[in-house]
Every structure is written in C-alpha cells, then in structure tokens.
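To start, the structure under review is shown below, and the notes come after it.
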Amino acid sequence: MELDFSVVIEYFPRLLIGTWTTIELVILSIVLGAIVALPVALARISKNPWISSLPFAFIFFFRGTPLLVQIFLVYYGASQFEAVRESFLWPVLREPFWCAIIAFTLNTSAYTAEIFRGAIQAIPEGEVEACKVMGMTKAQMYRRILLPRAFGIVLPAYGNEIILMLKASALASTITLLDLTGMARTIIARTYTPIEIFLAAGAIYLAISIVVIYIFRIIEKRQNRYLGSLSIKVPDKG
Amino acid sequence: MSKGPALELRDIHKTFGDHEVLKGISLEARDGDVISILGSSGSGKSTFLRCINLLENPTRGEILFNGEALNLKPGECDLYASDMKQLTRMRQKIGFVFQSFNLWPHMTILQNVMEGPLHVLKRPKQEVLEYAEYLLNKVGIADKKHMYPNQLSGGQQRVAIARTLAMDPQVLLFDEPTSALDPELVGEVLGVMRGLADEGRTMLIVTHEMNFAREVSSEVVFLHQGLVEEKGTPDKVFGSPDSERCKAFISSVF
Amino acid sequence: MLDLHGFGDQLLLGAAVTIQLALCSLVVGLILGLLGASAKLSNVRPLQWIANFYTTVIRGVPELLTVLIIYFGATTVLMSVASLFGYDEYIEIGPFAAGVTALGLTFGAYATEVFRGALQAIPKGQHEAAIALGMPAKRKFFRIILPQVWRVALPGIGNLFLVLLKDTALVSVVGLEDIMRKANVAVGNTKEPFLFYLVAAFMYLGLTIISMVVVSYLEKRASRGLTRG
Amino acid sequence: ADSIKIATEGAWAPFNYIDDNGKPQGFDVDIAWALCEKMDVECQVVTQDWDGLIPGLKVRKFDAIIASMSITEERLKQVDFSDKYYSGGLRFLAPKGKSFDLENLDGKVIGAQRATLAAQYLEDNYTGKSTLKFYDTQDSVYLDLVSGRLDIVLSDELPTYDWLKTSGNGGKFEFKGDSFKKEDEIGIAVRKGDDLKDKFNAALAEILADGTYEKINAKYFPFSIY
Amino acid sequence: MSKGPALELRDIHKTFGDHEVLKGISLEARDGDVISILGSSGSGKSTFLRCINLLENPTRGEILFNGEALNLKPGECDLYASDMKQLTRMRQKIGFVFQSFNLWPHMTILQNVMEGPLHVLKRPKQEVLEYAEYLLNKVGIADKKHMYPNQLSGGQQRVAIARTLAMDPQVLLFDEPTSALDPELVGEVLGVMRGLADEGRTMLIVTHEMNFAREVSSEVVFLHQGLVEEKGTPDKVFGSPDSERCKAFISSVF
C-alpha cells in the first residue's frame, strides 16, 4: 500500500479549521481551569480536614480516572436525566463544545491545583516566616508574597500542563466536535486514507506543542535570570 | 509611656515530641538593652528566640510586650495565639533577622524593603520609598536597590536588616545573623549591628561572635540544655563565670 | 444494589484486559525509557538525535492519534519492511498489540526523561568507585548504577504508570475489549450512560488506588538502607 | 485462506450488536455464520469501530466486512463488494408531533453516524444550511436524539425501525417522510481482487435458495428485507 | 619478579580546556614505598592521582605498572586507553580511596566489600566472605557489616579502605582520605593507614595531614601549579626545603 499525500494537501484547509477549534478549546479550558484551580489548591493546603477533604476528593477523582470517561459522563451521562434537560443548565450542557469545556476545565483544574499546591509548598519555609515576623495577615501573605512567588515556580510544570491539555483535547472528537482530530476522522470517512491524514494531524499538534514549549522557555529564562533555578516536581496527567 | 519592660518572657517551655528543648527560660529586656544569647549548638537558643514572636509555639510560659501579655490558648500540646490581631500587631513591632536572610527572591532589593511598611503598615508610598532608600544607604547597599536578591554576591543580610528596620520595630531579634556569611562579609554585618546598638535600639542577639557580644551587649545570657546557666554583664560572664560549663564554653571559643 | 443489567461480568473481563494492557505497555515502556535515556546521555551524536526526535514527537502528539496511527499504520510499515526481506505473509497487529506499542512508546518517551534525570542524579563518585575497582562497564551499569537509578526514578515512574493506566481507555477506540469499550457496549444496550460511565470511572479509580499502594510499597523497599535508622 | 476473519461493527442493532456476554449477535452475524457454513471454512467474527472498518480491511486486519455496509461508488474505489444480501433505505427520524419540511432543514441540528451513507447524504445536501453532527456509533446518535441535542436524525430505515420497536421510545419518536435511497444495497466488502468475493456470492445464492436466509430474516423482521 | 618499579609516571600533562593543570610530572614508586603528595589547593594533586588509573585522561605522558607501559592512544585532545582489557587488569591491581568514600548506598557494608573480589575477580564466595570479614575486623567495623553505608554515623572511610583492600591491590592511592571526616574520625582512619604502611604496602597519599605524612612517608613530593616543586625524604622536605614556596607552605600549616 502506498501513501498518497495529495489528500493532505487537498484537505489541509479543513484541518486548519479543526486546528482553530482545538486552540479555542485549549485556551478556554486552560484559563477557566486556572481560575478554578486556585481556590481548590488553597483549600487543599488547609490544615483543617473539613476544608481540605473536598478538594482532595475532587482532585483525586479527576486525576484518577480517564478523561475519556469524564467527557462521556458530562456529555452522555448528564443528559440522560430529564431533570438536567429541563434545568437552566441545559442550554449549556446541550452544546458539545461546552461539555468539552466543562470536562476539560474540571480535569485540568485538578492537575493545575496540584501544581499550584506543589509550588506554594515548595516556597522555602524561611520566606514564609519572613512574612509572619513582619506581622502580615494570612491574606496579605498569600496575596503579596506567596502567590506571586509561586507563579515563578509553577511555570515549567504549567507549560507541561498546557501541552498535556492540548493533546487531551483530541478527545473532543468523541463527542461530535470537529476539532483537529474530529476533522481528521471526518475526512478519513470520505477518503479512507487514515495514515496520511492522521500523520498530518499529528504534525500540526506537534507544531503547536513546539510553539508552546518555545514560548514557555522564553518566559522561564526571563524568570530564572533572577530567580535561580526553582524547578519543582511536576505532577503528571493522563 | 509603656508600663513594663519592652519585652518580658516568663518561664518559657518548649517540647518537640518528647524532647524538652526549653525547660523554663525567663528574660527581661528594657528599652535600649542589648542582650546576647550564647550557648553550644542544640542548647535551644534559636528555639527560644523563635518562641518570642510565636514562630515556634511555646508549650508553656508567658510573653509580655511593653507590659501587655500576649493572649495564648492551649492547643493539643502547645500554646497558640488566641487573638490573631494582637499577635499581628505585636509582630509588627518586633523585628526578626534570620540566619539565612529569607529575602523574597522575586522582588528587587527595594521592593523587599518597601513591602512591609507599604502593604502591612499601609504607609504612603513616597514616604516609604524615601525611608527605604535611607535605610539601604545606611546599610551600604543603596546602589544595588534595583537588583534581585540572587543577583547580589554578598550583602543579603544587610538587605534583610534594612527590611526589618523599615518596619520601625521597637525590638530587634537576631538569630546568628552572621553564621551563614563568608568571613569578609561578617565584619560588614557586625558593623551595621554595632551601629544599631549605638543608636540605642533594643536587641536580642543569638551569636557565636564572642568579641562582638562582649563589646556591644548590656547583658549576656548563657543557655545550656534549655536552661539559663549563667547570666550577667559581659565582663562578668566572659571574665569570671560562675558556672563550670560556661567557663569551658568560653575558653573553648577564645 | 447497583443493577448492571448483566454487564457486571463483562466489565470485570474488561478490567482484566485493561490491567494486561497496562502491564505489557509498562514493560515495553521501561525498556524504551532506559534505552532512550542511555542514548541521550551517550556521546554518540546520532543516538542523541534519534532519542530527541523520538521523545519530542511522541510527547507532542496526542495519545489518541498515536494509537490510531499505530493501529492503521504499523501493519503497513511492518509488512513493507518484511517484504524487503522476502516475507510477504500478513503480519497481525491487533488492537492489543497496537495498544501495547502505542502506550509503550508514549510511556517510554516520558520515562526517558525520568531515567535521564535519575542517571544524572547518581554522583560521579559512584561510577568512579566501580571503575577504580576495574569493574567492566556492563557490570557497573547493572550492579551499581541501575539499582540506584531505580530508587531515584521510582516516584516519577509511578506517576507515569498512573497516567498509562488511564491512557489504556484510548485503546477502546480501536476495538480493544477493555473497561471503556465494555462500558460503551453496555451503554449501547441499556441506554444508561451515566450509570455505566460512572461505574467505569470507579473501576479506574480502584486500579489507581491499587497502583498507588504498590508504588509506595516499592518505594519503601527501594529506599531501604538509604535513610538513617 | 483456510480460516477467514469477518469484521462487524457491533453497534447497529438488530443487524449487529454485542450481547451481555460480549458476543456479537444480529442479522449480519447470523448471515456470516450461515455463509461460512456453506463455504465450509472456519470463521472468526470480530468487532471494529465503524470508521475503522474499511481502513482495517485494507491493511488486512480482517478479510471481509459484514456490517450492513452499503455498496457505494466511493467505497467501490477502495474495496470490492459481493452481491447485495439485503437492501435498505434512508429515512428521517424525529420526535412525534413536530413537523419538518424535509427539503428545507435550514438551521436544524441533524445527526448521523460518521462515515455512513446517511452522513454522506447529509454532507452532500445540507452542508452550510443545517448543523450536522457525526457520531462514532449509531447508539450515540439515538442518545443525543433522546436528549434533545438533535432535532432530527437521518439513518438507515431498518435498524431505526427496530429501535422504535424495542427501545421504548416508539411512543415519542416517529419516521418523518418516506424512505429514500431505496436503491441502497447492502453487501459484503472484501479486498480488491480477492476471490473471496466469488465464494461469498456462491454461498449467498445457496442460502437464498434453501430457505436459510428467509429463516434469519424472519427472526428479525416480519417482512422481507432482501 | 617485576622488571621495573611498581608504578612509574613519566611526564604527565593534563589540560582542562585551556587551563593546563599538570605541566609534566614524573614519579616512581618502588614496592613498599609510601609517597605523600602535598601542595596547596588547586595545585593539581587530585588530578595527578586520578591520571594514574585513568579516572582522568592525561593529555600527555606515560604510565608504567611493574615496568609494563599502559597502552594509550591519542583522542581529540587527551590520551585514551587503547587496550581496555589491560586497563581493567591494571585498575584491579591499583586501589583508589576517595575523599568522599563513594560507598554504594544500596548495598550493605559487607556487600560493598565483597562486590569486587566476588564479581570482578570472580573468587569463590566462601573465601571472599572470610577475607571481607577479616578486613572489616582489621579496620574495626566488623560489628556493623550488615548495616547500609548511610546508617553508619562514621566509619565510612574505613569501609571504603576495606573495600579497596579486598581487591588485594599492589598499589594503593589515597586522595585526601580524611578531609571529609569529623575531627574525631580522622585519627581512626590515619591509624588504619599507618597500619597499612607498616605492613609494607606501596602507597601514594594526597593529604593535608602533615604530621602523618612526615611520620609514615618514605618520600614526600610537593606540587605547585602542576609541577614538582620539591621532592625528597620527609626530613628533607619538612626540615630544610630548598624551595621558598615549599617553605612557606609548610610553615603556614605547622
């Protein structure tokens, strides 16, 4: 069997349309994920078990189960119930795009929360004590010192998370979204050239990841100029 | 004016697990006192200093600041502040200088120094800026104010002292401020501290620099295994200590 | 109790497949990871290039695509390679083999970085002590370095295994009868997506917990003698 | 080959589906076994997601597809087909009581399974006017019709007929309009040039002649679908 | 018997990048010689010692063991062993004790000591075990043989010496074996080494322990900036060195 890459050229514009959907999905879920992650991480750090157990369970569930299951749960699972379909949430939940965003956001926020937690806890105890001895309140301490400080620490891990999210977004194709992978599968349904089209899609993903890596490398370099190396362990995702 | 000594500690105990590190230490510092705390490694000097502003929670004891007792409530095994507002207020008046500086690496020198007065005491920005520059000048590091701590090759401790002074604390606590420094930097920091003592600041200093302690202190306290073993004027403690242990310690370092 | 409409057994069978797939991919991935790390740290430029190309590509392409490409592409590639050697019979790459290949490749790419870090974390003196005894390189690697690398790498590898465990769900897309596919079939038959996807989620969660217990046991064992007391 | 591997989809009841023992069942599968018996060869029936069937056949993951696959121009470019073993037609399906102008579905959300005749018909005739959604399995299409995400569905008439009858949704949904594309013929796909095609055709003629086919037909539909 | 000195180094050069660390050092050690190598920090002592068994590849020079020259071939800038078998064989006969012990943390004390003879020399297990226990006894650490290196509070260096001795090397190289040790442990290790010298072992020792060097050495070599600056009997080098630099160095440490 020979490969016929002329189909790639023919369908490239459609792959690009899918790419744009993929980028939208990733950017939205990453931004929303970070917003959700922050309070989750802060609650998770709390020494009070009443406050920390719920975020713990949240993080554990979303990190311990496949994203594919999570997407299906949100998309097919939720819509199984009459009550959901009649609720005010339905206009959002009926859209596969928003279902994907919800699943991705919850998923990435669980991972991001762990990254934030790791970063905050990686701040040397002495720097925290320097806040305390100054008479800072807890809120001041987080707002003024710990969170800005954590931002620098978080960068490498967070760059990784964005790439992992980019790749995970391919699962949107399973709920009818025409993201890059979805578009590829639809094209293949016409052309029956899976290898050529999948390779082309893979190359586009790779190109985007390389751009993301490059951007983060630049930001990191700027940070590390004065922060020294502050890398911490990266919680991985799946 | 204040109704008691600037700082008074009564019968401070501290237990880590089942290891009793402080076995009842009392100490009084009046305005202008410079008290040096000596003792061999592990004798509890740092722990004691950290108990004063509750970086470490004492197991038993009382802490009074200008005659006002810090409200404490018993926890599982240690005492905790029952009035966070009061503790915060007190900490703002008690400066603490760490052995390892603990500067915030993501802020410039100037930002480090301005952070406290600007955002904790909420003083006006212009005033804070001027004062910070004055202080950086005083510790001799003004020309590097826009650098980040990690870009400084030495001098972090001087920045840390300026950061503490920027809060205008009534009492200063130093925990071995020179022992993480290269020999040539030690002199500079001791110089800054000597200046502070000359200004009449109230200071508690944990140090291994005997000459310095002898020179600047109004009182010297020698700790041994969590207890005050010897206490008195520098001449007394260094010259003719009562305790055999203190004698041995001092002769071992000179 | 939970009414699984008779699909309980099927889901358990799926779990067995998921576990087999995860373990086989783990073995493949560990080997690839060690090879990749050795290649990256070797002085041979072409080996470094190959290893860098491998990790960059695999880590930049969605796992789902990797699975699909391997499933549809590997047979073609393998057969055209085999025909160069005069072998023209059909070479089977079923969903399981494709899954093991794809997940093993993915695991290996990430494990390369973990092992590389661990190899670099072994102090130079450890090598030198062996060299000074006149120990041959192979022996040094297997008796002195690898056991220490293993200890340093374990937490990272454990993490990767948890990721791998969840990635197995993707292989259901090419028809492997794992937990995910069994759940899909059950949903198709019963129209109860919420129930079956939730059950599937908790099965994965259970496997995750078991893996975490095993990993922490291994970590404890590997660090024997390395901490005081 | 002494043993042949036949692929079906497993999500197209009642033609092919997977029972709660994990075994493929249905009209297609019964036909497959009957043909194998006539051809006197050992067979294996495997399942494969719909959009992977033709690619899988081409890379020899299996030797034949008996999965209710329509014989189309486009597919004939990729594979060979046997004679038809039943014929179908496409028909719209939507909630009862709603009426549609089937010529003009502008702004409606229409669903179908990816890579099917229905999907292709929608792409050819409704692209840009209606929102088209394509699913990995027909089961997912039904799920989204029930949930209300889809206004209307286009699919093969016969399985939908079965779905209306057996799924308990017959009260809420109904066919809209007549079935069309009646010339739609369902065949067995084999690789191009494979002589398996002739063997299948011979066996097919046999089961049509000796009543086996009729028996299988009756198991699923009260009318002839040939 | 052997046809030349146990160990002979001829004109060893070593350059790191464009920094020439060794500028031509020659040295000869006959059986039973104990040669101490002195020199200030950075003078190239460790580099020289490491060149002997090719832990570092010399840039130029010759290495002879019992009169047999080590086969070397030029690489990009340094010399490399051209016959790995020969190198391996030679390394097995030359023991090396590191400043930082480099014990293998995943093996017990006993396993560390047995590893070499058992798996490199492939001696029979029972014999190796007995010899290992004998050696551990000799360095005074036999009771801890089933502990792991990190569980030992001191004594790692003694284990490292036992590990080296277990290979029955003809020559022993020591690179500042006591300088990573707490003061109270230094004496113990020097005691073990003194015992080895008394047994008549051939040893090259880089050390800062002047008294020890003076006492046990048959010859002392003083390196300065990659060259032999002074060389002779201990009495000569310590008592009346010719070189001014050597004089200054020796008077600075005594």
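Labels for the chains are A, B, C, D and E, by order of writing; each one numbers its residues from 1.
By definition in this document, a contact is a pair of C-beta atoms (placed from the backbone, for glycine too) under 8 Å apart; a residue touches a chain by one contact, two chains touch by 3 or more.
Chain by chain, the UniProt names read as follows: A = Arginine ABC transporter permease protein ArtM; B, E = ABC transporter ATP-binding protein; C = ABC transporter permease.
None of the values given here were measured: they were computed from a predicted structure.
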Worksheet item: Which chains make contact with chain C (ABC transporter permease) and with chain D at once?
Response: A
Fill in: Fewest touching-chain hops separating chain C (ABC transporter permease) from chain E
1
Item to complete: Please work out which of A-D and A-C is bridged by more C-beta pairs in contact, and write that pair.
Response: A-C
Fill in: Centroid distance [mean C-alpha coordinates] between chain B and chain A, Å
45
Worksheet item: What is the distance in Å between the mean C-alpha positions of chain B and chain D?
Response: 82
Worksheet item: Rounded to the nearest whole Å, what is the centre-to-centre distance of chain B and chain C (ABC transporter permease), using the mean of the C-alpha atoms as each centre?
Response: 54
Worksheet item: If you average the CA atoms of chain B and of chain E, how far apart do the two points sit, in angstrom?
Response: 48
Worksheet, complete the sentence: Residues of chain B that touch two or more other chains sit at none
Worksheet item: Could you say which residues in chain C (ABC transporter permease) touch two or more other chains, in rising order?
Response: 72, 76, 173, 187, 191, 193
Response to the item:
Shared-interface residues of chain A (touching two or more other chains) are 1, 76, 79-80, 174, 194
Worksheet entry | Contacting chain pairs - touch in the sense defined above | A-B, A-C, A-D, C-D, C-E
Worksheet item: What residues on chain C (ABC transporter permease) touch chain E, complex-wise?
Response: 123, 125-126, 128-129, 131-136, 139, 143-144, 147-148, 151, 224-229
Item to complete: Would you pull the chain D residues touching chain C (ABC transporter permease) in the complex into a rising list?
Response: 10-11, 13, 17-22, 46-49, 52, 55-56, 59-61, 136-137, 139, 142-143, 146, 167
Practice prompt. Name, in rising order, each residue of chain C (ABC transporter permease) that touches chain A in their complex.
Written response: 56-57, 59-66, 68-69, 72-73, 76, 80, 110, 155, 159-160, 162-170, 172-173, 180, 183, 187, 191-194, 197-198, 200-202, 204-205, 208-209
Practice prompt. Could you pull out which chain A residues touch chain C (ABC transporter permease) in their complex?
Written response: 1, 60-61, 63-70, 72-73, 76-81, 163, 166-171, 173-174, 181, 184, 194-195, 198-199, 201-202, 205-206, 209-210, 233, 235-238
Worksheet item: What part of chain E is in contact with chain C (ABC transporter permease) in the complex they form?
Response: 53, 55, 88-96, 98, 100-106, 108, 115-116, 119-120, 147-151, 160, 163-164, 167
